[in-house]
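Which chain is which? They are A, B, C, D, E and F, in the order written, and residues in each are numbered from 1.
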Amino acid sequence: MIIDVHGHMSAPNDYYAWKASLLSHRGAHGGKPPVISDDALVASYHEPHPSFGNISHMEHIDKAGIDLQLISPRPFQMMHSERPAKLVDWFTEETNNLIHRTTELFPGRFKGVAGMPQSPDYTPAQWTKELRRTVTELGFVGAMLNPDPHEGLQIPPALGDEYWYPVYEELCALDVPVLIHAAGCKPPAREPYSLHFIQEETVGVWSLINSNVLKDFPDLKVIVSHGGGAIPYQVGRFLPSVVRTGVSYLDKLRSLYFDSCLYTRDSLELLMKVVGTDRVLFGSEKPGTGSQIDPETGRWFDDIHLLIDDIDWLEAEGREAVFEGNARKLFRL
Amino acid sequence: MIIDVHGHMSAPNDYYAWKASLLSHRGAHGGKPPVISDDALVASYHEPHPSFGNISHMEHIDKAGIDLQLISPRPFQMMHSERPAKLVDWFTEETNNLIHRTTELFPGRFKGVAGMPQSPDYTPAQWTKELRRTVTELGFVGAMLNPDPHEGLQIPPALGDEYWYPVYEELCALDVPVLIHAAGCKPPAREPYSLHFIQEETVGVWSLINSNVLKDFPDLKVIVSHGGGAIPYQVGRFLPSVVRTGVSYLDKLRSLYFDSCLYTRDSLELLMKVVGTDRVLFGSEKPGTGSQIDPETGRWFDDIHLLIDDIDWLEAEGREAVFEGNARKLFRL
Amino acid sequence: MIIDVHGHMSAPNDYYAWKASLLSHRGAHGGKPPVISDDALVASYHEPHPSFGNISHMEHIDKAGIDLQLISPRPFQMMHSERPAKLVDWFTEETNNLIHRTTELFPGRFKGVAGMPQSPDYTPAQWTKELRRTVTELGFVGAMLNPDPHEGLQIPPALGDEYWYPVYEELCALDVPVLIHAAGCKPPAREPYSLHFIQEETVGVWSLINSNVLKDFPDLKVIVSHGGGAIPYQVGRFLPSVVRTGVSYLDKLRSLYFDSCLYTRDSLELLMKVVGTDRVLFGSEKPGTGSQIDPETGRWFDDIHLLIDDIDWLEAEGREAVFEGNARKLFRL
Amino acid sequence: MIIDVHGHMSAPNDYYAWKASLLSHRGAHGGKPPVISDDALVASYHEPHPSFGNISHMEHIDKAGIDLQLISPRPFQMMHSERPAKLVDWFTEETNNLIHRTTELFPGRFKGVAGMPQSPDYTPAQWTKELRRTVTELGFVGAMLNPDPHEGLQIPPALGDEYWYPVYEELCALDVPVLIHAAGCKPPAREPYSLHFIQEETVGVWSLINSNVLKDFPDLKVIVSHGGGAIPYQVGRFLPSVVRTGVSYLDKLRSLYFDSCLYTRDSLELLMKVVGTDRVLFGSEKPGTGSQIDPETGRWFDDIHLLIDDIDWLEAEGREAVFEGNARKLFRL
Amino acid sequence: MIIDVHGHMSAPNDYYAWKASLLSHRGAHGGKPPVISDDALVASYHEPHPSFGNISHMEHIDKAGIDLQLISPRPFQMMHSERPAKLVDWFTEETNNLIHRTTELFPGRFKGVAGMPQSPDYTPAQWTKELRRTVTELGFVGAMLNPDPHEGLQIPPALGDEYWYPVYEELCALDVPVLIHAAGCKPPAREPYSLHFIQEETVGVWSLINSNVLKDFPDLKVIVSHGGGAIPYQVGRFLPSVVRTGVSYLDKLRSLYFDSCLYTRDSLELLMKVVGTDRVLFGSEKPGTGSQIDPETGRWFDDIHLLIDDIDWLEAEGREAVFEGNARKLFRL
Amino acid sequence: MIIDVHGHMSAPNDYYAWKASLLSHRGAHGGKPPVISDDALVASYHEPHPSFGNISHMEHIDKAGIDLQLISPRPFQMMHSERPAKLVDWFTEETNNLIHRTTELFPGRFKGVAGMPQSPDYTPAQWTKELRRTVTELGFVGAMLNPDPHEGLQIPPALGDEYWYPVYEELCALDVPVLIHAAGCKPPAREPYSLHFIQEETVGVWSLINSNVLKDFPDLKVIVSHGGGAIPYQVGRFLPSVVRTGVSYLDKLRSLYFDSCLYTRDSLELLMKVVGTDRVLFGSEKPGTGSQIDPETGRWFDDIHLLIDDIDWLEAEGREAVFEGNARKLFRL
């Protein structure tokens, strides 16, 4: 059985046209979302999509043998930095509602991971109201956290800063894991959103480990997307800190979890070797960035399950942990 | 016969979903527009739309007896202030292309009025390349000009400033009129886009009249949308200037044109009395802001042609000028 | 009998020279106002003035048959944005004192309308101390409120924002009406102060109506200067909101009052038709912007009473309400 | 005979009321100055004034035995930082015109020292047009230069910077001296204008001496107001530079001139000892800051000529140079 | 006997290399100071130094007959504006510790004057923790206060502002004097740090005297470095205030103390005449800015004791007060 | 034979104390560097250093069998963002001079890699003057380039931007490789300098590959420090671009070179597999960040040569290329 902890919702174009409209009227027309029928919603999972390599969301996960996918908002669309902040409220709430409806329309196939209305004009404590709603009322099993609500416009406090504590408190109170995952990226930031994810994960991991967060919130369950940014590869830079602190950096790193959302076998192997298979959760981001067919291999670039299958030294137990066991424990599935 | 100089394009939701996508990936996925079939484009004019009072674009103009409508981009969607600036390029070009296709798909029914990629990160001279393309290659008959490319984020030079001269030069070189019409409006500006239109027109008329623009560009043909903002109503404030300048303010005001896009008979009467029927062009913005049925009268709020019909003192000649003649002359139709 | 609710004080040049001095020493010489004798103060109302068309303040109101004029500070001189803020305190206090002395020197002819020291460096609650002083100690009957204390330097919260609530509370506590009237206007704002008045009134009316102010302060009495900016003319844009809210926009608009400070008969007619004669108060701003003789008619541009007299459809009752009755009720005169 | 190189104009209150008006309408009423009759202008020199200790300008200079006074604009009123910049143009031009008329109305008693329209929105080259006008057309004998056109709002380039070269070039071309004298001072600067003068002179002297200005403009004649700010007193700090540069700091300092506008005998003695009597010009700033009677001595605080008389070690030659000779040479009187 | 109240610490290059390192790693390597042995510390006082004219700290004070020197941090190195603020903490604490060790290694020869970690990112109340530590635990006898913690980057509140009150409170509670002395100076400020000292002292004295500080803290003992900036020389400008306030400015000035850190006899004489010998404390800043030999006289420029000896009119009592008595009283030595 | 392309200079503390002094006086004492004798310079390579694990620079490279080390300025000390910019000039020039002297004092053991005075207040064209001097006059074989001259204070143009072209032109003209290596990192950036290196390399590689640089400068030789930041590990994200561009991302990546400055065998293996052994140059950054002994293995963390030796699948040819051949070719050694 495969549980994919890193999937993002699909939705019909009416949803995106509504977003375009919100960004145009900036609230003047109010926040009422468009009527999206169950049929339309279901169809958005069954219809082939050009940006998904011309097959559908369901075909993607079916072919990959994904039995259960945790779906969260599609991050690069989240527009946390847009003003006025109520746009973010409206859009986040409807997004979570669509995720919830999807979990009900495809029983047993999806679970919800919540977005929060992370406008920098609100306090993190204000964001958590929606987190609580989705978990307690809609049955969501986790949340996604964007470390850069400014989306590149200015530099936010790092994840180790007390700025973020109200979120950590609520996550612990609700006992759900959080997936670190940035959203959009605007100039003056130099990088595209896809690379911004990596940059923010790199800083995020560094900051969490070098702060008091994990000590102040011993029960906090943090999953870092995309294999932890640069950290597992660059981990050597931090190893000498053991001399100063007496604590192995690798041990600290292993207080976090990482998803497998890398698209090369070499990188997956490195990740597992560095943090251990008990700290890696299968995540495919399917369908998404990697949903193209590799002209050389004929495989989908995001067929991460095949890459894992290819790792010959990986034993059954480790494989099971990555594909299913770790997720089951962490999300209490 | 009725010529409506102030109409805005319709488009299928794929177009708006593409806009949402551009604003999310900020150029990382490139600027290729979605494939929109002729059928889909035609349908967007024939399908009832909730924000149009649940009838279609074509029904609106058919019922109102509009024989020819000049269509421009839907202003509040134009996102001139978004970054990076190439987003504005891509979106404007595709928007003009859709308008062009519409004029061809409904022969004789529509003419194009161009949008320009008015990013504040470009110079006005750079904007005019697209203006030239649309007029010389796509047969457009005029252009729309947003006096506030910052969309409320900061204060732009007023229309009388030399900043705008490259646009005026190109308009004169191409011999096409320009419709003054603001676009979106973001915080910290306090007003919704719809009121921002009025505010920008008010400042725009004031600035044009108090600058050298009309002297430096004697052939420039300017139409101010929405009946000229506040100016015709507040014109009394400016009348004493005749004592200082020796030129009647009303004469100066009559060097501009105004559309009839007001939704009350009192206001239409005031406009015609102040600037004269030879300076008013029929404009309905249909379907748009006013496309709701007035529960009291049973009429559409934007049935401006009926309001004009109701004006008993308006003679045939004036009526014909407003409905058709002025537009025919100005746009050389 | 005519009551003019919109008049501004006159003062001798010593007062303005003192202002120039304050703006030069910025407080270094202290805030002591110049000694202005009763004779000098009276003379400033009796002497012809070039910017008043070379007749005096008293001649103006005498000729126009104004029996009682409510006088407030001359707004464009109020310098709310100047720093340090104590300059604004000193100047406002002396200004109100001069108004008070004027009301005593011309018994029965004038009543005071207070200015507040609206420095953006103070809180609105701090402004109200002077409001209370003028009403309770000096017998003032109302206050003037500048919606833009930044005077064009940056964008303030709109009048519907809670930022302004301390002022509304004090107005209700004192049970006096407030006249919305902007003051100066500096770059980067593009418009002259006179047009800034209109722009701020337009946004102000919009904001009041689209906020909770009138619900939270049901007893608040608001008079909008200059016939309400652009709103009565552009009111059609807002009519469709009835479909969404179920409340007629015109009804909402009629929860405010408007002065007649427009200088054309067409505009006055439009105003009275839109809001009703029970919502219009005679205001002439005499002597002021309109105090020039129209070379065509030989009338003063600001002879608004003549324009009202010219309106043939206006019946006695409506006329009396506008000229006297509405003011009497609102200001409890 | 006494020549006072540091006097400032007097003017009737109409002039200051006009300034207040300019700062209120910001150009909307145009730049036409008020009509000030010769009688009014003369009276402003003959009338006692409270801020001059209740005697008149003429009484002040008569009592002090000042035969010829060089008068410049009253600096703290110059408002160089006000916007739009044309206000500064208008006000400076009229100010210089009033000075010119004064020199003609009091033949032989006054000579003009020009103000320049030092708006930071203009280039220094643009300022010099007015300098040339006043010298070549109005017979002015020098100019005043404000080292801080921002008036405390932000930090300008120091006087040694090439920013100022166009002014130095014009001064050399016209062969007239320049009086360094700051103008107003606004928050966030902490000091009152009067102390700002001193601060700017201190930085100005330091910067001129540590730059290439005096090498690049060997004929430039610079007079520093108020005895050179802090420099003559603090000169010891700079003496060790001789070890590094091989040039005596005192020699460098003596390439500038200083006025005697200090109000204590000790300071005057120190100044003359440090820079030499051939480098000090009598300047009283009468009537001005010091025009109060010292309750202890019964003297006017600004009776600087008496303080100089009191210096017993000062010989006739030095005394004559300070009172007359240096000014005569420098200004070619 | 000579007590020098204005000396600054010496230190080995390891200390400065550590500072360079802090400014490079910005805290990443932690704040642990380098190990500096007693021998190395002592040597830094005994070794000749090029910037001290190639003799040692001890030789300087020995030759000058300074029996006891109060040493504080070397101000231009204090880097109060550097970020993050903890750098300032670490560096200030170690600096004070080195001063303390010095006082112990040279018994009877030095007393400590504390630096405070004046980062603008901390509140003044936070700074005082280190002040208390140094006085109560390390036996320091006073503190140094930098009026510009921004070091020229932006304009701070003046010393008369309530911003500074927590420092004044702590100084009074500990009953120790404070030496006003600026630190570094960065662009956009125009002046070098050495002139910045003077500018800040000038504003500082002005502000203290024109505020309520001396009234609110009657026991506060303030010593202004470098002879009080420009004030004693420019004091005449402020004398007329007696007419307005009824209090002699000189009396107010005499509520402060001044050190003798001027390098010319004329200036020392002026200072003593203006404020009186009971208000002047010997301060040499040796070794420092003035530690060069004057090629003309063969004296060290900072041989201030010789300059004082040269003042013929200074009587024994005054001389003793300046050299010893005033310091002894003020610092309770 | 081992050539280490990534070494940084050592220097005595006098050099760093001078840096501290520059940052304190900000140029007021001029830019003259301290006298550093040959003996002192040599000693700084032979003396044990606590931050190098208490052995010396020479011991480090001797033990590691490094025959030739290319040494560049120690990046985190480079202070490119400090003002005024001339500080950066002075410091960079002296730094390069010290490197040059080192290459001469240890003949055959070191070659110089130049720093440039990368102040953001200069243009990149201005930086290249020092590059040319070091290569043509001092025999340097390459240059180091900091992608973030603002050091975290604001966001610079990415390396693919034309802003950087003058540097690329000069590098090609001189035919020397460039080592991409960031310098310091200040708040508001969140990360320590050491992680900033990684972040800047990640963005740098992405930007170079997604720009025209490698097409416009086909002969440009770029080495990315620290194994290319996150890119080799995250390379999977970019592989699908082949579908859009038709060019393999791995091929593009292989147009750059990477050093081996990673400290774990897994990462080194991944790097070599991803980019090929012909694209990896041995770089140890010894002594530096990794110069601590691993308590578990007893090895130095930065014994990268041992990690490479441990890679069993690496054949002789590849090993030789990494250790020597690639460097020899690229730097023409």
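Observations
Criterion: a contact is a pair of C-beta atoms (placed from the backbone, for glycine too) under 8 Å apart; a residue touches a chain by one contact, two chains touch by 3 or more.
Note that the coordinates shown come from a computational prediction; the quantities given were computed from them, not determined experimentally.
Path length between subunit A and subunit D in the touching-chain graph (shortest route): 3.
Looking at which of B-C and C-D shares more C-beta pairs in contact, the answer is the pair B-C.
Mean C-alpha position of subunit A lies 56 Å from that of subunit C.
Look at where the CA atoms of subunit B average out and do the same for subunit E: the two points lie 68 Å apart. In subunit F, the residues that touch at least two other chains are 192, 194. The touch graph of the protein chains shown is a ring with every node of degree two.
Residues 154-158, 188-192, 194-195, 198-199, 202-203, 206-207, 226-227, 229-230, 232-237, 239-240, 242-243, 262-264, 266-267, 269-270, 273-274, 289-295, 301 of subunit F touch subunit A in their complex.
Interface residues of subunit D facing subunit C in the complex, by the touch rule stated above, are 13-17, 19-21, 23-29, 51, 76-77, 79, 83-84, 184-187, 192-194.
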